[in-house]
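One structure follows; several queries about it will come next.
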Amino acid sequence: MRRALFVGRFQPIHIGHVEAIKHMLSENDEIIVAVGSAQYSHTFDNPFTAGERIEMVRMALEEAGIELRRVLTIPIPDLGSHSMWVAHVKSLTPSFQTVYTNNPLVTQLFREAGYEVKPVEMFRRSELIATRIRRMMIEDDEWRPLVPKSVAQFIDKIDGVKRLKTVVSTDSPAHV
Amino acid sequence: MRRALFVGRFQPIHIGHVEAIKHMLSENDEIIVAVGSAQYSHTFDNPFTAGERIEMVRMALEEAGIELRRVLTIPIPDLGSHSMWVAHVKSLTPSFQTVYTNNPLVTQLFREAGYEVKPVEMFRRSELIATRIRRMMIEDDEWRPLVPKSVAQFIDKIDGVKRLKTVVSTDSPAHV
Amino acid sequence: MRRALFVGRFQPIHIGHVEAIKHMLSENDEIIVAVGSAQYSHTFDNPFTAGERIEMVRMALEEAGIELRRVLTIPIPDLGSHSMWVAHVKSLTPSFQTVYTNNPLVTQLFREAGYEVKPVEMFRRSELIATRIRRMMIEDDEWRPLVPKSVAQFIDKIDGVKRLKTVVSTDSPAHV
Amino acid sequence: MRRALFVGRFQPIHIGHVEAIKHMLSENDEIIVAVGSAQYSHTFDNPFTAGERIEMVRMALEEAGIELRRVLTIPIPDLGSHSMWVAHVKSLTPSFQTVYTNNPLVTQLFREAGYEVKPVEMFRRSELIATRIRRMMIEDDEWRPLVPKSVAQFIDKIDGVKRLKTVVSTDSPAHV
Amino acid sequence: MRRALFVGRFQPIHIGHVEAIKHMLSENDEIIVAVGSAQYSHTFDNPFTAGERIEMVRMALEEAGIELRRVLTIPIPDLGSHSMWVAHVKSLTPSFQTVYTNNPLVTQLFREAGYEVKPVEMFRRSELIATRIRRMMIEDDEWRPLVPKSVAQFIDKIDGVKRLKTVVSTDSPAHV
Amino acid sequence: MRRALFVGRFQPIHIGHVEAIKHMLSENDEIIVAVGSAQYSHTFDNPFTAGERIEMVRMALEEAGIELRRVLTIPIPDLGSHSMWVAHVKSLTPSFQTVYTNNPLVTQLFREAGYEVKPVEMFRRSELIATRIRRMMIEDDEWRPLVPKSVAQFIDKIDGVKRLKTVVSTDSPAHV
């Protein structure tokens, strides 16, 4: 059984992520989609809860015809302490051999722990960055083609764009 | 019994807050003043401890002739996780029907939880913003007329302006 | 201004507590009722949330004709670390000179910090212990006469006895 | 889409759990297996990490011919605060309509939050209790027939019985 | 440079610990005395703060003629999560090759992480157990000969026996 | 016994720190080097773990001929709450009379708690600032002469410059 970890925040999952998971499944039996920063929501960087993100990941995979039984979705709360983060991820996930990430810090931490780390080959990379998609949402730009159809519908159903616009309009220091 | 929640940080309470509480008491039997970010102090955004802020709120209300018995002051520590924040506030406060806030995030979170949220009608709003008052303190500007007299005296007694000036002069990353 | 701190869990407030607060108000201008273990609820030791406990404290004081404006109710979450607990309490409360408690640990911690600590003179002490009252609730014994009438009504309204019976019937290790 | 939540600690998953999940899937489209007390391991109550438990749950389901794509496994760390626990679970999971549990506390918390809660119909219930199975492991009793074959093999592979025996032999207060 | 870790709570350090450290220094260049459960104090299991324990460890070593420069004292707070504990210890200490402990759980955790673990050869072991010494303190038994003279003097100076007696007399659930 | 506290992050220790410790030892019997922000590592502000920093501090002192037995190195995790920070430091360290720091916030907190606070007289101050040294590392500038030789060798051994360059190249919000 070859199992790999794909670390991201998926705010939201987009078509680049979906292609990447397809590719990872061609090299592995199972993929653990680690949904990072799991405790956060209702901010610009993390508008959606971990549960909403997991729901969107599963919709996106299903829409793409990917076998859901080969993908685990595991929420991983941020820990604060980087030196313990790999131990934290390992305690919450089934064993894995490979880590896919483009994040230099995640790469560094897993390399120091002795893991094989591979870059995520993401097609149309410059366009397909979740931060950019969230900015397009705020500016009523054409974000819908960049995410799977079912994900766009889910975001509409939970009124996600309005939530995002609201939280970014908070000018004073938060007190929540 | 109509009870409402007024969410803020009150760093420090100013005459706009006092007028707002008067107005809320005309529409409700009791007001819960939720003193947010309760664990923080000794920073520019949160110079005063929750206890000092509660002491100032009570002084300000008394000075304005507001019935203290109709106002509860409850410290609410920040939680980090927005999705649990409403549950957190509810667990620390008596039941309430209405929430007063001008903060878009707080509005969003309580609306998602099904609460009625009303804006705080604040007179002389542009002037009466606590952030502006703290900046005036640092610049030795005329902040005293913007807070109740008893509050200004309390800040002097605890040497609050000096504290504020000191903490903002910390240039390197904090290690506390 | 003489202000004193009364530390307890108030699970629930009973007529002994009310008499004690009356006595404290004869010696002080204001009393801070510190509602300890504020984050806990739905257990045998802590069946009620801090908010419910604060609501009951205020009902009880009002029923006894005590001036509400002279009593502050402040939730204090447990900290875990005893050596920091006094600093924690001080940060959440207005300044005080005296501490009332019968708890030896609380006495020790405030004495080490240089505070005057006085015992709570509680009438009918052996009978009026909250733990005993909760046990009577579970056994459908006559607990109602031991708490103020308004408190008994509140507990009935929130179905508190059923909640208590339910949580104590949890036999396996909790996973919440 | 009907989705239900099955809350447990799965220390370890046994054949009673597997039968229960089969039954739940006959009433729902998807089941979220919420692996509670997720941060704990290496104790008598929680010998296995959340990751190990998730790995065993998936093995058990596969062995029983259950469609893996219809079951999500989500680790849920204990929160300490019961009053926020339902909000915590909701933030980490896709939306669900029904909760399956035999735990009275979990039942109470979800009922207070307005959820439908159903008991877990567990066949051979008295025998099939994870606590009893762990005790059998320590006493070298016949625990293997009570868990799926693949789960027994996994426990052997990670030397789980020895781990359990070791941690229970710790007589002095832990300092980890 | 051979460095070893000696894990304990040192509540308080006794003459068995001192002999053990002497022995460890005969096998290593430096010893890290990891003072576990560092955040706790004022309980029966952990009467002394980490700082007080470190002060006593250093006194004891000096009294025994041990070279202080070869011994590091590092407070290690408990983490709650066993699966991350080794990573936590490693992040707070200089690198080490060997772990000395008689605690089965600590042994298990470091062995799973690939460390060499050696038992602590403790002379007069049955007598020299810190728990037994604390019980003797409460019962005014002859505990003084079991700890170094300087440690007994320190405990007297901070009125440690009275503190211990006070905290164990707390009968109701703590709320600190 | 005169003991003083020297508070810093030591990311990394440089020759200015070493000179300062020498000076402090001329005024005190022992110095506690409090290694702040102890839980952090793998960021620009805190590239090294507390353990690595302690290892470097000891190397630096040894290289400078300072008596190691007179210097304690204690990791102090950040607490978040400034109002409890002094109590936190006190609980983790042996008693001390004086605090050395140039940080205005640390000065303010210890002064409010009644401690004597002295500035750190640092020679070649403008040059010898750890932030500046880390920036030089990233830009392959001449940082080596600014730290003790043994510290430079240690940083090379653990590939510290590469780690620092990697973590600063992380452009998207972290999710660890």
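Couple of notes before you dig in:
Order of writing sets the chain letters: A, B, C, D, E and F. Residues in each chain are counted from 1.
The rule we apply is simple: contacts are C-beta pairs under 8 Å (C-beta built on N, C-alpha and C of every residue); 3 or more make two chains touch, one makes a residue touch a chain.
All values reported here derive from a predicted model rather than from experimental measurement.
Touching chain B and chain C together: D, F.
By residue number, the contact pairs of B-C overlap by more than half with those of exactly one pair in A-F, C-E or A-D, and this pair is A-D.
To fit its Cα atoms onto chain E, chain C must turn through 120 degrees, a value rounded to the nearest 5. Computed centre separation for the pair chain A/chain C is 45 angstrom, with centres defined by C-alpha atoms.
Computed centre separation for the pair chain E/chain F is 26 angstrom, with centres defined by C-alpha atoms. Spacing of chain B relative to chain F, judged by their CA centroids, is 36 angstrom. Chain B has residues 39, 41, 49, 81, 83, 90-91 in contact with two or more other chains.
Those chain pairs judged to touch are A-B, A-D, A-E, A-F, B-C, B-D, B-F, C-D, C-E, C-F, D-E, E-F.
Those residues of chain E that touch chain D in the shared complex are 7-9, 36-37, 45-46, 76, 78-83, 85, 103-109, 129, 131.
Residues of chain A that touch chain E in their complex: 81, 83-84, 86-88, 90-91.
Only residues 38-39, 41, 49-52, 54-55, 58, 67-69, 72-75, 77, 90-95 of chain C touch chain B when the two sit together in their complex. The touching residues of chain C, counted against chain D in their complex, run 39-43, 49, 163, 166-167, 169-170, 172-176.
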